[in-house]
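First chain written, first letter: the chains are A, B, C, D and E, and each begins at residue 1.
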Amino acid sequence: MTNVLEAVFAILIFPGGLFVLALGLLLKGVDRKVVARLQRRVGPPLYQPALDIIKLMTKETLIPDTANEVAFRLAPVLGLTGMLVTAALLPIGGVWNGVTGLGDLLVLLYLLPIPAMGLMLAGGSSSSPYGALGFSREMCMMFAYEMPLIASFLAVAVRVGGASGPFLSLPAIMDYQFQHGPLLLDPVMLPAALALVLFIPGTMGHGLFDIPEAEPEVIEGPLLEYSGPLLAVFHLMSAVKLVVVLELAVALLCPNPLVAAGGGGVLVNLLWHICKCLVLLMVSVTCFRAATGRLRLDQGFSFFVKYTSPLALVSLWLAFLLR
Amino acid sequence: MLQFLSKLAARSPWIYRINAGSCNGCDVEMATTALIPRYDVERLGCKYCGSPRHADVVLISGPLTLRVRDKVLRVYNEIPHPKVTVAVGVCPVSGGCFRDGYTVGADIDHYIPLDVIVPGCPPRPQAIMEGVLKAVEIWRARLEESVCSHS
Amino acid sequence: MSTTTYTLPIGPLHVALEEPMYFDIQVEGETVRSVELAAGHVHRGMEALAMQRNYFQNVTLTERVCSLCSNSHPATYCMAVENLSGLLVPERAKYLRVIADEVKRIASHLFNVGIMAHLTGFDSLFMHAMEIREIMQDAKEGVYGNRMNLGQCIIGGCRRDIDEATAPFLLGQLELLKPQLDELYGVFERDPLIRTRTQGIGLLPFEEAKRHAVVGPVARASGVAYDVRRKAPYAVYADLDFETQSDTKGDVHSRALLRLREAVQSVKIIEQCLRQIPSGPINVREVPVIPAGEAVARSEAPRGEVFYYVRSDGTDTPQRLKWRVPTYMNWEALQVMLANCQVADIALIVNSIDPCISCTER
Amino acid sequence: MFPFLKIMLRNLLLGPSTDAFPFAPAKTHENFRGCAVFDPEKCILCGICHHVCAAGAIQLRPSEDGAGMQYLLWHNSCVFCGMCAHYCPTGALTMSNNWHLAHTGAEMFSNCISSFIPFGECAQCGAKIQPRPQAIIDKLGVRSPERFLLCPQCKRQSIVRNVAQVRSTRRQENP
Amino acid sequence: MNATAKQSVETAVSRALGAVGLHWTADVNGNSFGWVKLCAPESLLSIAPALAQCGARLMTVTAYRNDKFGRMEMEGHEIAYHFDLEGLVVTVSVCLPDNPPRVPSITPWFKNADWNEREFAELYGIVLEDHPNPRRLFLDPSLDAAILDRLVPLSTMMNGASTTTLWEKVFAGKQLPEWAKGGNS
């Protein structure tokens, strides 16, 4: 019974639910502000993403006549729910250990593409040619960035598991790092870490990989036909997704708490965790998108095939040899 | 509470622009206003959006040529309520120096109610910003109205 | 990727295009199979308007053909009317016209390369380019009074002199501009992203350029080194020292670089003008008499050759005023450039001819 | 390799280049061509502004009682080209650098310069003539101030009289 | 200045048409302009290939009515073809027969004549012979063809009403906003 309550709490309040929503919007705000600074602008206030959400909630929802209404309404909700559940599964070093028995890399592999699927559903159901184009681009990119993700997951699992076979459980991976130091500092894992850092803008669609929602090309692709609250849900989904991928990368690479768990340390550890997320955000999202433009779909695809995947595979191969 | 929320909401006006056959002077100035660091409307919460369905404030330029008229009206109808329109330049209001052309359908006011007018040929970006701020005032009142009438 | 062919409508109100223009593009997966252009959205019937307006009003009217090359139009129109009436423009006014033209050219070229960066999603670079353009915009506002429509040319000369107050201001702006322009050129030349996205796409070989009779930077980037300022000098270009830029690659990247090089040349031209400009009146005070007859004039606008033909029947309104703008010639060549390109490149390629639809459709 | 990174770093160090407007007044150059300003005291109703206005923003309409002209310049039709000010012989029309013109749709048609310009009266017969404002008299009418205020007919008569007078004086001097 | 170009234009024109009046004018900068007047549209079929052969580029085509709303005595349409050869502008004007005015297409020799010809066809109702792609170019299908061919002033025909109604509203508008009163603020 307590387990169920705990799970509900985890999904709705912390570390999923309200917490990720708030954190996600804040991170988006920081991201926009810093990008603005890099472009010599003042930029919006940090809480601007929240204002945008409030605004969208008050607007009218228009649904195209030709769209499949059920799928059209379902798509954003599906994406957001999927992400909230995923957020609840992710452990935070020194604060939260994840829902026991579920914090599994394989589960994550299934959960992570849900927002992309939501977008694909949105693009498919909105019956506009741009939506369709966005759909096919989203799918193509998904194949591209899932490859290095799987490879680096495996590299981590093999490295952590050592001789006893690959470890797929996130809490176990974290335990290993608590004992042996963060994987980020492990030279064997460095290529995989780099691959993960490149995976984040890939899955978020930023910088080089802003392909499915490219504004001048496919007018925001799948989101073209959305308006009002449904669009707000998409924005929330993307905010939560941002937190999820950042937290995931942190958990895989350096989950180490500042102080050992327990007591007043929880709050400090939480802040420490958020700091790590922020640093990762700056590197792999903010600076990345401020310093680059977008590639063509075929170039984006081959970028992952040619550079990112081999990086992760190098780590996997080394980890396998040094088992 | 609702009023407070709608006040907050009014701080996120998203901009969409429609070119109704302008000589592109106003368009270039609109793009300049909306996108470049010197004027940075993002600090006012504005965002330039590509889809009319995301827009709140519509900037219209150009004398509404015959061929583009139906398309402009269709796009305008795709913008969800509440919305405000800003005429940038004098062409949408009176046709400017294109009035009396055989394909010019100005004044736009026949088809789309204009809430704010920014005269100029083209108006300088600061003037466009002034117009947008005026439009946001009107929009805020409309938001409050629609939010309060929903509940 | 799917292999079915479907139609992708682009425009007429599309974010990537500054102006309404409509393409029906047959797409197979992400590859363009055929392009159908539909024109006429900005057709304002200006040639009919020009026949109803008198010669003075037409100066303002032609300035509103297009705001990006808004000085070339009235200047060429005035030249045509002056050719017709035999009016002699004071030497100082000729220099002033060249300065106004070149200021507009810099701003227009910077706008175009900026938009190119925007279309590749490189917004930081776009903003940087536009900030540099603001230097020129300020110069226009300070010297002429408007950021787009300078209102400098009138029949028989110019309206606003560059005096002791504005000449140093203009020079100062140029000093600010020069290092920035050089740096920008370096970025556009070497940035890996810009190169991956723009090199080798939108190719227009020399033969095709000849066949379609393209003009301006598009022609020059394909090896047709035709510049009206050199081939048929007008105003004071014959006395000025500058180089016609050309390239042979004929892709999107080379067109952008060529524009930036031309902007550098323009800075040089303005500086020479400010040094050499003689003193004297800036316009002819008497009201010109326009006799019956016909005359042509042309000039090199930022996008290429602008051509004016005026035919007068001796009244105060022209019998026929016709102009041909560079995009009118370049537009059809898009069929060649867009063949078999990717959907993502459409906007980039279209932008690379620096399309000015309001010019083209009038 | 990445030439833009340098610029980005510099941007960060230099800080925002954003103008303070709308929170502080924007810089406006004195040469800026803003809305036209009309001084009815100087207008002589020559109509050149109407003649050169490509946008048809200037309308002159005789008042019903024939006492003068209603002068209207509608800013929402004006294209701010400044041709009227350039050709205005008396400086009645000038371009100000005021660009704060944004207004609500309700004011669309009232956003104009509206001025009534009474005709002048012939100093002799009282017929309606072009307005002769003092500023113009001071400038153009210095050669023969009294004749400047006459209607064409009285002016002709006055000239004829004058010539006759001169002749008669001459005759008297050299008989 | 461009003597060779001048020479080759002269040879081309005289080869195509025999001794026709090709006369030259020049502007203040010494740029030369050549003018040729043709009386029969068929002559285009000989001069166009000759000019194409010597490397001339078609710049544009202007069609016009000789009478401009009935004010002049001459009648009928003319078309001026403007060519460029290395900085030399040669204008070939052709008188068209009336009822209906017709002209052969020169698109086979000058690819870029396509748009120009479609444009004058739709604006003046001139019949194009042998044009590869004779569709409308700019005009909305709802507009009548030959819109520039009207003898009534266009403003009354099309939108003249809009000017009048707009100005009525302006004259009626009494309340002036603060800053509009007396001009400068």
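The rule is short, and it goes like this: a contact is a pair of C-beta atoms (placed from the backbone, for glycine too) under 8 Å apart; a residue touches a chain by one contact, two chains touch by 3 or more.
Everything numeric in this text was worked out from a predicted model, so none of it was measured.
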| item | value |
| --- | --- |
| Comparison of A-C and A-D (more C-beta pairs in contact) | A-C |
| Far-end chain from subunit C, centres as C-alpha averages | A |
| Distance between the centres, which are taken as Cα means, of subunit E and subunit C, whole angstrom | 22 |
| Distance from subunit C to subunit B - Cα centre to Cα centre, in angstrom | 27 |
| Intercentroid distance (Cα basis), subunit D paired with subunit B, Å | 33 |
| Subunit A and subunit B, separation of their C-alpha mean positions in angstrom | 35 |
| Set of subunit D residues in contact with two or more other chains | 2, 4, 8, 11, 16-18, 32, 35, 54-56, 74-75, 77, 79-81, 100-101, 103, 107-108, 111 |
| Where subunit C touches two or more other chains, by residue | 15, 40, 43, 45, 48, 52, 57, 60-61, 64, 118, 122-125, 127-128, 131, 141, 146, 149 |
| Overlap residues in subunit A, where contacts from two or more other chains coincide | 36, 38-43, 215-216, 219, 290-291 |
| Sites on subunit B touched by subunit C in the complex | 18-29, 31-32, 35-38, 50, 62-63, 65, 67-68, 71-72, 75, 96-98, 100-104, 121-122, 124-125 |
| Subunit A - residues contacting subunit D, complex | 36-43, 287, 290-291 |
| Subunit D-touching residues of subunit B, taken from the complex the two chains share | 37-40, 43-44, 87, 90, 93-97, 99-100, 109, 113-121, 123-124, 126-127, 129-131, 133-134, 138 |
| Residue numbers on subunit D that touch subunit C, as the complex places them | 1-4, 7-8, 11, 17, 29, 31-33, 51-55, 79-83, 86-87, 95, 97 |
| Residue numbers on subunit C that touch subunit A, as the complex places them | 1-2, 6-9, 14-16, 27, 29-30, 117-125, 127-128, 131, 193-194, 196-197, 342-347 |
